[in-house]
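Naming follows writing order (A, B, C and D), and every chain is counted from residue 1.
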Amino acid sequence: MTDLAAVKAALKSQAVETPSWAYGNSGTRFKVFAQEGVPRTAREKLADAAKVHEFTGVAPTVALHIPWDEVDDYAALAGFAEGHGVRLGAVNSNTFQDDAYRLGSICHPEAAVRRKALDHLLECVDIMDATGSRDLKLWFADGTNYPGQDDIRARQDRLAEGLAAVYERLGGNQRMLLEYKFFEPAFYTTDVPDWGTAYAHCLKLGPRAQVVVDTGHHAPGTNIEFIVATLLREDRLGGFDFNSRFYADDDLMVGAADPFQLFRIMYEVVRGGGFDSDVAFMLDQCHNIEAKIPAIIRSVMNVQEATAKALLVDRDALAAAQAAGDVLGANAVLMDAYNTDVRPLLREVREEMDLDPEPLTAYARSGWAEKIVAERVGGRQAGWGA
Amino acid sequence: MTDLAAVKAALKSQAVETPSWAYGNSGTRFKVFAQEGVPRTAREKLADAAKVHEFTGVAPTVALHIPWDEVDDYAALAGFAEGHGVRLGAVNSNTFQDDAYRLGSICHPEAAVRRKALDHLLECVDIMDATGSRDLKLWFADGTNYPGQDDIRARQDRLAEGLAAVYERLGGNQRMLLEYKFFEPAFYTTDVPDWGTAYAHCLKLGPRAQVVVDTGHHAPGTNIEFIVATLLREDRLGGFDFNSRFYADDDLMVGAADPFQLFRIMYEVVRGGGFDSDVAFMLDQCHNIEAKIPAIIRSVMNVQEATAKALLVDRDALAAAQAAGDVLGANAVLMDAYNTDVRPLLREVREEMDLDPEPLTAYARSGWAEKIVAERVGGRQAGWGA
Amino acid sequence: MTDLAAVKAALKSQAVETPSWAYGNSGTRFKVFAQEGVPRTAREKLADAAKVHEFTGVAPTVALHIPWDEVDDYAALAGFAEGHGVRLGAVNSNTFQDDAYRLGSICHPEAAVRRKALDHLLECVDIMDATGSRDLKLWFADGTNYPGQDDIRARQDRLAEGLAAVYERLGGNQRMLLEYKFFEPAFYTTDVPDWGTAYAHCLKLGPRAQVVVDTGHHAPGTNIEFIVATLLREDRLGGFDFNSRFYADDDLMVGAADPFQLFRIMYEVVRGGGFDSDVAFMLDQCHNIEAKIPAIIRSVMNVQEATAKALLVDRDALAAAQAAGDVLGANAVLMDAYNTDVRPLLREVREEMDLDPEPLTAYARSGWAEKIVAERVGGRQAGWGA
Amino acid sequence: MTDLAAVKAALKSQAVETPSWAYGNSGTRFKVFAQEGVPRTAREKLADAAKVHEFTGVAPTVALHIPWDEVDDYAALAGFAEGHGVRLGAVNSNTFQDDAYRLGSICHPEAAVRRKALDHLLECVDIMDATGSRDLKLWFADGTNYPGQDDIRARQDRLAEGLAAVYERLGGNQRMLLEYKFFEPAFYTTDVPDWGTAYAHCLKLGPRAQVVVDTGHHAPGTNIEFIVATLLREDRLGGFDFNSRFYADDDLMVGAADPFQLFRIMYEVVRGGGFDSDVAFMLDQCHNIEAKIPAIIRSVMNVQEATAKALLVDRDALAAAQAAGDVLGANAVLMDAYNTDVRPLLREVREEMDLDPEPLTAYARSGWAEKIVAERVGGRQAGWGA
């Protein structure tokens, strides 16, 4: 039997971090379609993120991306966020959009480029000091496009050296979250292609180096919940970058492509104690053709629904069926939770949190969309390069 | 026994079309790295393409992309090309870089957008009339990102209607080459995702509607040479867009990722009579981090090497081993050709064509690279959006 | 608004064919684990299948596999089935388990082997005449393991010739259902690898040659519902072989790996009119480690649940959102149906059909499992080779 | 410049272990095709393996599989091998072909089954003591087929416990080689699915626990040479199970599907010092439709050819191009070695080793194939279950 009060309490305490860049324009290599009302500044992104939190109640922090969210005064930015009811979250570095990084950043064959990249990473820690952020999230676009282009192993040596310098700089409660990615933008090798590579580096760095699982960054067919279970068992799961994919790193709304997979992932988080630990639940998505703020609200709701189902799994019944070797029975216990329509439960949870039970319609009614379209005219819209 | 004189004659007569856009800048959604000396106009692209032909002898035509290569006077552009020793090749349409195309072009739910797309396609045929191009190459970025976003079947109806209108407009010896693509930029459905869909549409249109095989546009593990053999058997292989891939549509130099696959494809072309037919051999690649002209020369050479090996297969011995059910023997006949180092043969072929046997070193010596870096200063470099 | 009475009527009229071989033992190349109570004869398989129909009400027919279900008197077998409340369904041929078929069957390089295979296929039509079966389901294990092993194109010629001979033999209302498969047991080429190849052959044969979609037989990432929509649009969808997969042709219970995908497939069936046509819904699965009859009951229920959700989609609302270009709204309409817990509805449907609302518990209570374990002792259990 | 004498010396010293089971029958889940002359006993397998070594000169050891090669007296078996010019190599365990292992072996939910599996593993170490084998190769078919079937994390705990007990038992110079596999025979989770999992377990066990890379056991698109480079850098690459694949674990002859990949792998071995270390080069293949001994000879030759090309890479030129950021130049250095026809060099090497330069034709001339067909009549042929 599941304890419904405990389930509700867990759902109320969940925190999903939204990324500042998802509020801006994004696209594919073929085209970026601009939308009306898109933010032009970091503050406008935070204002949008605050709306997501206002209507969902579970999106209290916002991830920054440097230099996309570069400002003169980060303490002031943090204050602005708090004034809007949210806080600044993880700081994300960017070592892929400068011409110097054509052949890599901290894995680049030239020491000068590596130094430039390292300086940027250290600057990100400075910003964390100013914002009070706990997590430095590192994703490296480093890799090669052609066999022979660079020395695979030497690049690992350079990577290890760069990471060590950054780890050394971290303050006492700051963490390094190392992300891996199967491919893209590099097409032959990626310098951190899989969880094993990220894990091996984290092991050498120390306990505050943790692996981030981006749900879109795996080979076809990869069992992501297995990785989640394994990293939790090793105490190395730092957090998630949520999104979903049909093919490659499609960066669709989390839960949109395979809601059953998201449920299985959340079940392993619940089962592995990740819900009561420091595992960070972050969105990392693109909204290329759909309205951005509603897409983010929907994504937060998708995480909630998967979490609710995971919490509803009758773990005693499951354990009993597993111990009995009852394949169909054990599977049925899991599926029973998955097949439950948890939307009524989440409406209750929201009402108990003094929220509108329907975040999307409440947002639509709020007039925010019309307001930003009217007000955010002129200037340069935020995008991946902005 | 293979007839070496015939092999050489075939190699001398091969024609690989290079794409105007490969001479310009390209990149991933994360970053476009600009290079020095990159063309700023259609004419500068043609001048670069002429260099590739000058040093390889087998790249006599250049594909255009409209509107990227839009000019006021296409007949004059054709004359310019001829003055540089090359000719204009296939015309490629673009129905993906206008804000109107956010939800598709000729498959878009709104008739007005479909009309706009159709007008562009018809304009491309006008351009073909002016340039004397035989082939209209159609690739549609159309598709959907989310389940339910649009009606899969209705989009096919719209596609059929649009293609019919274009086919109707074609002149007597003009062809429509319909390209398929597994995914990207659409992430849930692609309106022409596989050869079967392209083939079914071509069947209904008529004999001058033909399928184009882009070697990067398949699901993981797809046996491309099977598709090539099948389309040749059905008399529906219009041509190739050559490139190579490790993961998705990586658009690397053809032959760079899996040279054995390229050989197997070329073998099916040879075996299926495609070498003596109207099958168009076109490159369609990106050179994001490597020097563009040398990369294209190298790609043309890669096609030549794969072709040479395919031509060297001892087809009598192969047929005998196949008929005898000798699995290892038949495989060995094929591998014997593949394992042959054909570079000496190709050097001979080039010398007999009065070319330098080493196109890359000859190009490097030519001073063209330095000349364009010095001269092409200012103005806006060509790129995917330019 | 969906019409609930119509939804219920559709669910009551649904028919899911179960395969005789799923009641017998199966396994991987590594091991077949035998289970107690497994049938030893075709009649015992039919008796088990009758139980599935007894408890679900929607599994009225049973597919045969020849020679696995070979009997002296097929009319008598049909009578036995009817006596148990079920009917004989599609006849499945087997041209892969004779030593002669090492290099193929109707695509084999030797005419004698092709003749042997053809004779078997014609015999299957004889059996259809005796059983009254409408459908001949053809899956060919034909293909090659190594490049060069056989001539890809010549094999297509042989395939076309063999299929034509079989099609010619079919009676007026008999159909040929041609199945495609991406790979396995052949590892380099498969002679009918994709829907395009099956479709091209069916087109040439005639209207009663139709394509079968086995949900496990695709490349990673393939959008199966697109294929379903396309084949329905072309009037060439003969039916389904349902199962599910995480990796290759895993042959797990349908709906077990990706229930959302199954829903999307069923939605395209509903949308394309396949529910009111001759599209055959067949299971084709292996139950290697789980109890067989309950697994099949569960699979039938999974098809029902996906169908119910597909029928519940508010198609007017969906069409309106699609026409408006409302990406999130259209997706939400689809997801609203998917997220609905349809188990209460299906319990109602069963009660209205005078069935126990819970088929699995009713089966468990029935004592059939214990009875067959007790009675089916000695003899040779049925399996893939039996 | 490469030192040709050193290349030849390296090629002469290479040792490729062949697996006893590859000499016996194998097949897919659909059919095992029996071949004439196939061994019936462990000694007959060794006799065949001795022929492979006789004609190639570089296959001096033979891997055993227990219980497939179970004999009463292993010391006598070792003596028999030596009498035929070969030695016994790695001992491979089998915890997947007993009915007890339906739900796993050392990860099974029941302690009794885990104990049974562990006892078998310990017995394998006993056999190693008798045969003088250095390596215990562990591949576990353990996993689950359905979500929920068992507890992913608890299975890791059981795995760790079992491995520790085996590691503890190893003698001073004995090693544990832990193999990972993406999927099959388990279809939902595999208990050691990737190199990261194997690596994490090995780290905890100790330095003599090493990872085995089976070239067929990866997700589509996985960059295997990256894994090889990483494991060598971590000093955890125990060896290879060579084979090749187009789709899943197809187990074709190594080098047959992607010879360029095999070359890249061997290059990383050479570059990482693996050629001068304890990295074991083992074949692990199936020869389902092709003649077995010639297929194994061919495979050994394929490894040799890839190795020769890897040794021929001009590493100074490569390093210079890499340091200069010359993408095309660095790629060209690698491709220059790959495109070299190394068969003449290997013929020379064989002649210097007093071998026939053409192992396959020499074997064909030897009469061994005819002899074993004539003599090995009656009895039960060896196969995966035999």
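Here is the rule we use: a contact is a pair of C-beta atoms (placed from the backbone, for glycine too) under 8 Å apart; a residue touches a chain by one contact, two chains touch by 3 or more.
Chain identities (UniProt): A, B, C, D = Sugar isomerase.
Fair warning: this is a prediction, and the values are worked out from it, not measured in the lab.
Between B-C and C-D, more contacting C-beta pairs join the chains of B-C. When the contact pairs of A-B are matched by residue number against A-D, C-D or A-C, over half are shared only with C-D. Each chain gets one centre point, the mean of its Cα atoms, and the points for subunit B (Sugar isomerase) and subunit C (Sugar isomerase) are 39 Å apart. If you average the CA atoms of subunit C (Sugar isomerase) and of subunit D (Sugar isomerase), the two centres end up 38 Å from each other. Residues of subunit A (Sugar isomerase) found to touch two or more other chains are 102-103, 145-147, 182-183, 188, 220-221, 223, 246-247, 256, 260, 289-290, 327-328, 331-332. Of all residues in subunit A (Sugar isomerase), those touching subunit B (Sugar isomerase) in their complex are 26-31, 33-34, 96-97, 99, 101-103, 141, 145-147, 182-185, 187-188, 220, 245-248, 250, 252-253, 256-257, 288-290, 384. The touching residues of subunit D (Sugar isomerase), counted against subunit A (Sugar isomerase) in their complex, run 102-103, 109-110, 145-153, 156-157, 182-183, 188-190, 193-197, 199-200, 203, 218-223, 225-227, 229-230, 232-234, 260, 264, 268, 271-272, 318-319, 321-323, 325, 327-328, 330-335. Considering their complex, residues 220-221, 223, 246-247, 256, 258-261, 289-291, 294-295, 298, 305, 327-328, 331-332, 338-341, 343, 360 of subunit B (Sugar isomerase) touch subunit D (Sugar isomerase).
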